[in-house]
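Both of the next two complexes hold chain A, though its partner changes from chain B to chain C.
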Partner chain A sequence: MHRFANPTQFMRIANAIYPWAAGLSVILFLIGLPIALITSPPDYQQSETVRIMYVHVPSAWLALMIYGIMAGGSAAFLIWRHPMANLAAKASAPMGAVFTGLALITGMLWGQPMWGTFWVWDGRLTSFLILFFLYLGYLALGDAFEDSERGDKAAAILCLVGSVNIPIIHFSVEWWNTLHQPSIVKLGGDGVKSTVDGSILLPLFLMLGAFTFYYFAVLVLRLRSELLAAKIRNARMSQVATHAAIDPAAEGRLFVDSARLPRASAE
Partner chain B sequence: MDTLMNYLAMGGYAAWVWPSYGLATIGVVGVLLVSRRTLKTREREFEMLKNARRGGGQS
Partner chain C sequence: MTRKRQRLYFVVLGMLGLGVGTALVLTAFQDNIVFFRSPTDVAEGKVAAERFQIGGLVEDGSLVKNGEDISFSVTDLNNSMKVKYRGLLPDLFREGQGVVASGRLGPDGVFVANEILAKHDENYMPREVADALKKSGRWNEGAEGGPVPSEAGPKGMTPASTAPKEAP
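The block that comes next holds the complex of A and B.
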């Protein structure tokens, strides 16, 4: 696992994943969207509003999955100081915030016609709103310090502390029986069980796949971008040091491994 | 035409279904475009820095 801490190694794998993830996402969207919007049947109780589920559930799934990945990345960063794990968490956070926001808004747009209200302070909705604030807190905290490494550490700690919210979100519909319906798909020892017909599950799974592969494809783009940002910071620091003649050794440090940036600044 | 209008009406729930898909599209496409644009900008900036560095080295 530690070899993935090397940015070159990490990006080699990420770049190999990129065309597959991007291609699969496009294919799944192209198959899934027409089924979700046109050929799948309306629900016998919820009528056409059931179609909102095909964007609501994948958004909520990504919101949770991305937080899980960020928590794993933050833990690897705090324990082993893996710079790439931290970079993956940082690159994921804005996407997590967007999909949490989407899950909340599409949920409201589904709730109003079906429940008669946009919002109730029930367990699932409230814990999901907290997840949204956790994402915003992570993003704000990461930028709140002049020393970027301190900001990264503070954000990683917030992410880990906030991960207690994930099981609360998952079990909220079982602990508190309010308006939000329980899970329609359950993974157990005897395989996948569902209370929903296959004609509704098919577009749901296609869209879940499309969203998931989309996340991994865009994550690779964002990781490249984060690495470049670190290289640019490095190059600028090296330039300043050279011009000010503070650090003659800065010559040749233009392409220093970006992961070492915080240490380079302390030298 | 009627079939299309019927379809777009979403059984009377058009006001909820279409905005959901519209916002989801804006979110998905928006994140992709912003991420790509940031990457391109940084690639350009890094190239410029690299060239400036080379130029500085020659002078």
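The block that comes next holds the complex of A and C.
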């Protein structure tokens, strides 16, 4: 595993994954969207409203999965100081926040017609809102320090502390009575079980796959650009050093230039 | 012990401590985290608050509509409670379906609700499948208004402590 701490090694694998992830995501969206939104049957009780599920459940799944990946990355960063693990966590955070927001919004739009309310403070909804704030807190804390290394560490610790919320979100519908219904797919001792009919489960799984591969594809793109930004910054820095050696007056001007560059921590 | 090893133990112990702490807090506040109380809770005098939510299934044959005045019974299969409400009902509201009503218990033992929410289960299926299940008799209407593949039961409709171990 420590092999992947090397950015070159890490990116070699990430770049190999990228075309597969991007391709599968596009294919699954192309197959899944028409089935989910048009040809799949309406639910016997909720009729067409059930189609919100095909966006809501994959968003919520990604919100949890991305947080899990970020927690793993943050742990590897804090324990072994792997810069790539931290970079992967930082690159994932905005996506996780967006999917959490999407799950919250689609959930509200679904709750109003079915339950009769946009929002209730039950175990599932409340813990999921906390997840959204954890993402925002992670993003804000990482940028709140003058020294980006310290910001990264503080954000990684917040991410680890917040990870206790993940099992709470998952089990909230089983531990306490909630307005939110229990999980659609149950992972038990006897494998994957679901009480949902196959004609509704199929588009759901297609959309789950499409969303998940989308995340991995975009993650690779974000990592690439972060590494390039770091390279540019390093190149500017060494340029500053050379200029400063020849002409001390140039230092200030070039320093301003390099400070305007996007910040990246992997060096 | 290397610094890395030290940090690993620190993180693992920290997470363990955090997990145990969270579990203790959540267990301590168990009764406050539930979204609704069951008729059995009320019957056993466990509900002290004046305003609360009562949840369960709309009892079959209990629904009486008189214009906007509605009355029905909420049951958790052990106890039931009469609920009065005036207003619009959510689309999913029907007999045998999950419901959560918020309001207060009147002196006559009738719960006066000012908000009714419908609770549905996770058994999504097309109409034809639902009809076929009903026809073949695998539809357990009384228990939760949906097909009950074995242990799915009226879970979530009753707090774990008072939930009937076996559906009657």
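Definition applied: the second predicted complex is superposed on the first by the 245 of 267 C-alpha atoms of A that agree within 3 Å, B and C clash if a C-alpha of one lies under 4 Å from a C-alpha of the other, contacts with A are read in each partner's own complex, and residues count from 1 in each chain.
Just so it is clear, contacts are C-beta pairs under 8 Å (C-beta built on N, C-alpha and C of every residue); 3 or more make two chains touch, one makes a residue touch a chain.
Quick caveat: nothing in here was measured; it's all calculated off a predicted structure.
Overlap of the chain B and chain C interfaces on chain A comprises residues 42, 113.
Taken in their complex, chain C has these residues touching chain A: 4, 7-8, 11, 14-15, 18-19, 22, 26, 30, 33-36, 38, 55, 89-93, 100, 115-131, 147, 149, 152, 155-160. The touching residues of chain A, counted against chain B in their complex, run 37-38, 42, 47-49, 51-52, 55-56, 59, 94-95, 98-99, 101-102, 105-106, 109-110, 112-113, 211, 214, 218, 221-222, 224-225, 228-229, 231-232, 235-236, 239, 254.
Residues of chain B touching chain A in their complex: 7, 10-13, 16-17, 19-21, 23-24, 27-28, 30-32, 35-36, 38-39, 42-43, 45-46, 49-50, 53.
Partner chain C is touched in their complex by these residues of chain A: 41-46, 50, 53, 75, 78-80, 113-117, 120-123, 160-161, 163-164, 168, 173-179, 181-184, 195-197, 199-200.
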